[in-house]
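A, B and C are the chain letters, set down in written order, and residue numbers restart from 1 in every chain.
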Amino acid sequence: MIARFSLRLVALGYLAVLLVLPVAWIVWSAFGGGVDAVWRSATAPYAVHALLLSVLIAVIAVIANTVFGVVTALMIVRHPFPGVSILNAFVDLPLGLSPVVVGLSLVLVYGATGWLGPWLTAHGITVIFSLPGMILATVFVTLPFVVREVVPVVREVGSEQEEASRTLGATAWQTFWRITLPSIRAGVIYGVVLTMARALGEFGTVIVVAGNIPGVTQTLTMYVEAEFQNFDPRGAYVASLELAVLAILTLVLMNVVRRKGVA
Amino acid sequence: MAALSPAAAVPRRGGVARTDDAAAVVVRGLSAGYLSLIVLLPLAALLWTSTRGGIGAVWQTITIPTVLGALELTVGVSAIVVIINAVFGTLIAWVLVRDSFRGKSAVNALIDLPFALPTIVAGLTLLALYGPSSPVHVNVAYTRMGIALALLFVTLPFVTRAVQPVLIALDRDMEEAAAVLGAGSLAIFRRIVLPNLGPALLAGAGLSFARALGEFGAVTLIAGNNPLRGTQVMSLVIFGDIQGYQFSSAAALSFILLALSLAVLLVFGRLSRALSGHHDR
Amino acid sequence: MSIHAAAYREPVKGLRNTYSTDTKKLYMLTLMRQMTASHHKKNDGRPAQERTAEARNPARSEIVRYVIQATGFAVALAVAAFPSLTTARTAHSGGTLNIVTYSTPGPVYSGPLAAAFAKTKAGKHVSLSVSPGPSDSQSQAVANGQPADVVNFSYAPNIQTLVGKHLVPKSWDRNPYHGNVTDSVVAFGVRQRNPKHIKNWSDLLKKGIQVLTPNPQASGGAKWNLLAAYGAQRETRRSKKQAVGYLKKLFKHVSVQDTSASHELNTFLNGTGDVMIGYEDDIMEAQQKMPGKIKLVVPKQSLLIENPISWTLKPAAHNARLAKKFVSFLYSKRAQTIWAKAFYWPVVKSVARHHHFPRPKKLFNIRQLGGWPKLDPEFFGPNGIVTKIEQGG
């Protein structure tokens, strides 16, 4: 009895110090000057721009990686080919990479001195220091999530329904849209939520790739760091609060979806 | 049921089969193309740049005393963090599965917070809470402890989430039998529960190790970035090189960091599989 | 039947009647058995009461639906805002100027200078996009493609790099001010009331003193600091060897090496370190904005800081004509007075006459030490003196 209670205490204490206190601190610091100050910080032009930019990049990354993820997951499970395990390994690769390493590798390809640099400059296309580069970077680091979450669901669900439906005359598209997708829906949603969260939280890679120009290439995470360094802790905490709220929303969604029965 | 499957009863029409194969090839090509463009091309550029000066250049970069120090620091602190995670992660998983109290589901959901919260926000708050202006008068900023703290935050969920499903699925019969025969709780845990958790624990530990090695956002504010005081982790050294536009040295160090992460994942993965092979669970 | 069943019913409905009714019935049975099987798989180990409790609580699916709708709305908002997302500034008919600077003068540009320029004929309806950062990085960024119409760096070699890349005209420094728009001096910032009694360079080496100076890898301010330390030793008749020895000892006292001068100031203001070395203008600004948190101390000997500026050439420049006008505006009496109010030393004599700043007893400049072209590689190059110290050698 004592053992159980003390175990619980230790576990909860550890979580309190590491997780709960920091989140509480964000809320506390953000509201330190009253709700008015929070509103003013949140509606500062650069802050609003940073938020919208973050959301835009995240949405694009989610769409791209969801399409890729669903298609690839189905392919890996249902139509494997020699070398599919290598594909699998490469898909998982971004999970183990440091953000600065990813950023550097992108600069080495698309930067002015990179592999495609001269070609891009000649055609007037800017990748580094602008939106396309930031989108590429975010797509890179969020690549694995949808695939990883959908693959086990596809395995679990099995392909009998699809086979049956095809045999009975439905076209490939009908089968995909009406049978496959609904059956893997939970895995897709879970993967999308993870992708969204990771994309919104991206910092290291985009700062290397895009140069952190306020009002132009500054995402909300970069805005947090910039405001902190520019002696505006309130601005930093309010932006952090926005990100924390989005994070908690993500947690709620993850929890709900997980309970509703990822296979 | 397979014998009853309609698919066995009706021959497949040739036209459909051929479209299927063509579609499959196109899909594979598109998939591989997307993957190559997004991931493989940049990594190839990284590999090429880092080895362009030959292994000699890489060796030269890595043997700069402060860089070597950063490497030692990164591996050392990450290892300690992994050990702490193994202990506390299992403990938390145990409490979440075997215990019950009000608000447990909220705590369970909270474990995923480090996955959802941006690393820079985590770093900022940890610096504010446990740095020079700490309201609880704990100042670990610009020290190894501060770096460890940041890494503990971002790697928190890995071990817990890896161990939880195993604990849930664990058959309690053996534990109950051991208890009836007079074994104490600690012995039961050590001899019966822990070996079953082994593979999952190792898998989670490997993931958290690899993550800790490369972490940047959470440590950038709380580490002192001072090569001479040993408060620069590898990701900060690489970032400094990138900022100073020394790409070859940055690439060389990135290569080393990447190789290290992959090695860690491979080793822990092997160990995990080996352990699960030895048990009949 | 659940939603899943409804989905499965569709293809069966669309069946061509090639198959016998028996086969169809058999198939339907199989499907139904499969669906009920997957339903029962939802046993995730929770006690039965919890599961049924949840089944009785449909509110959760409502939450999910609501959240998804809210997210959709946010997405629509973001996409609608897309056109304006390439810039935070509303479209200005006069054009935009990209200003790339070293870490400290950002606020002066975005604040009083922008306002004053808008009042001029050339500056009407012009908006400024200011990007501050560590000086070396900024210079390299422009060399690597970052758009810039005006560049204001911490020290001259950063401009020279761009001259080499044909992004800045060779004649950039051919004016009465040698291309510098502001000056300052390397000074110390200490805690209120100077509890450790730091007055001069030798005090930095006192036992236990923690010094802040940025990382010279990317920061221009760091280089000014270190050369000021070196120069002060030389000015007091120490030999080169002794001066370098001082630098080695100084590094032992450095606790944090931030990436830029402005980061360094922030770290000091947040409570770390006993003394920071930096731009006098930065420290005086902080003294004014945050009274009680920092106090300026000017050492007895120090180095004159000179910050160069230039307009750029294509392809970095998007608005070269306007950029030239802006640079000449920065030398106007109005602009130089604004700089002076921000604690920078104005370079235009008629303005400098009216503003007095704390000066060291002995002020030396970079040319007296040997000049940047010689000192930059000698101290900070790949085999540089400071580089070697930083590498632990």
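Quick note on the criterion: contacts are C-beta pairs under 8 Å (C-beta built on N, C-alpha and C of every residue); 3 or more make two chains touch, one makes a residue touch a chain.
Computed from a prediction, not measured in an experiment: that's the story for all the values here.
Contacts with subunit A and subunit C are shared by B. Comparing the centres of all chains, each the average of its CA atoms, the largest separation from subunit A belongs to C.
The distance from the centre of subunit A to the centre of subunit C, with each centre set as the mean of the Cα atoms, comes to 24 Å.
Mean C-alpha position of subunit A lies 16 Å from that of subunit B. Centre-to-centre spacing of subunit B and subunit C amounts to 30 Å, using the average Cα coordinate of each chain. Chain contacts: subunit C has residues 19, 27, 30, 44, 144 touching two or more partner chains. The multi-chain contact residues of subunit B, meaning those touching 2 or more other chains, are 5-6, 10.
Contact of a single residue of subunit A with at least two other chains is seen at positions 113, 160, 164, 168, 228, 252.
Of all residues in subunit B, only 5-7, 10, 12, 16, 19-20, 23-24, 27-28, 30-32, 34-35, 38-43, 45-46, 49, 88, 91-92, 94-96, 99, 101, 105, 107-122, 124-126, 128-129, 149, 152-153, 156, 185, 207, 210-211, 213-217, 220-221, 234-235, 238-239, 242, 247, 250-251, 254, 257-258, 261-262, 265 touch subunit A in the complex they form. If you check the complex, the residues on subunit A that touch subunit B are 3-4, 7-8, 10-12, 14-15, 18-23, 25-26, 29, 68, 71-72, 75, 79, 81, 87, 90-91, 93-109, 113-115, 136, 139-140, 143, 160, 163-164, 166-168, 172, 194, 197-198, 200-204, 208, 221-222, 224-225, 228, 236-237, 240, 243-244, 246-248, 250-252, 254-255.
Taken in their complex, subunit C has these residues touching subunit A: 3-4, 7-8, 10-12, 14-16, 18-19, 27, 30-31, 34, 38, 41-42, 44, 54, 60-61, 63-64, 67, 74-75, 77-79, 81-82, 85-89, 106-107, 129-131, 133, 141, 143-147, 262-263, 266, 269, 289-290, 315.
On the side of subunit B, the complex with subunit C involves touching residues 1, 4-6, 9-10, 64-67, 69, 131-133, 141-142, 168-169, 224-229, 231, 240-241, 243-245. Taken in their complex, subunit A has these residues touching subunit C: 45-46, 48-49, 52-53, 55-56, 59, 111-113, 121, 126, 128-129, 131, 156-157, 160-161, 164-165, 168-170, 174-175, 178-179, 182-183, 211-216, 228-231, 249, 252-253, 256-257, 259-261, 263.
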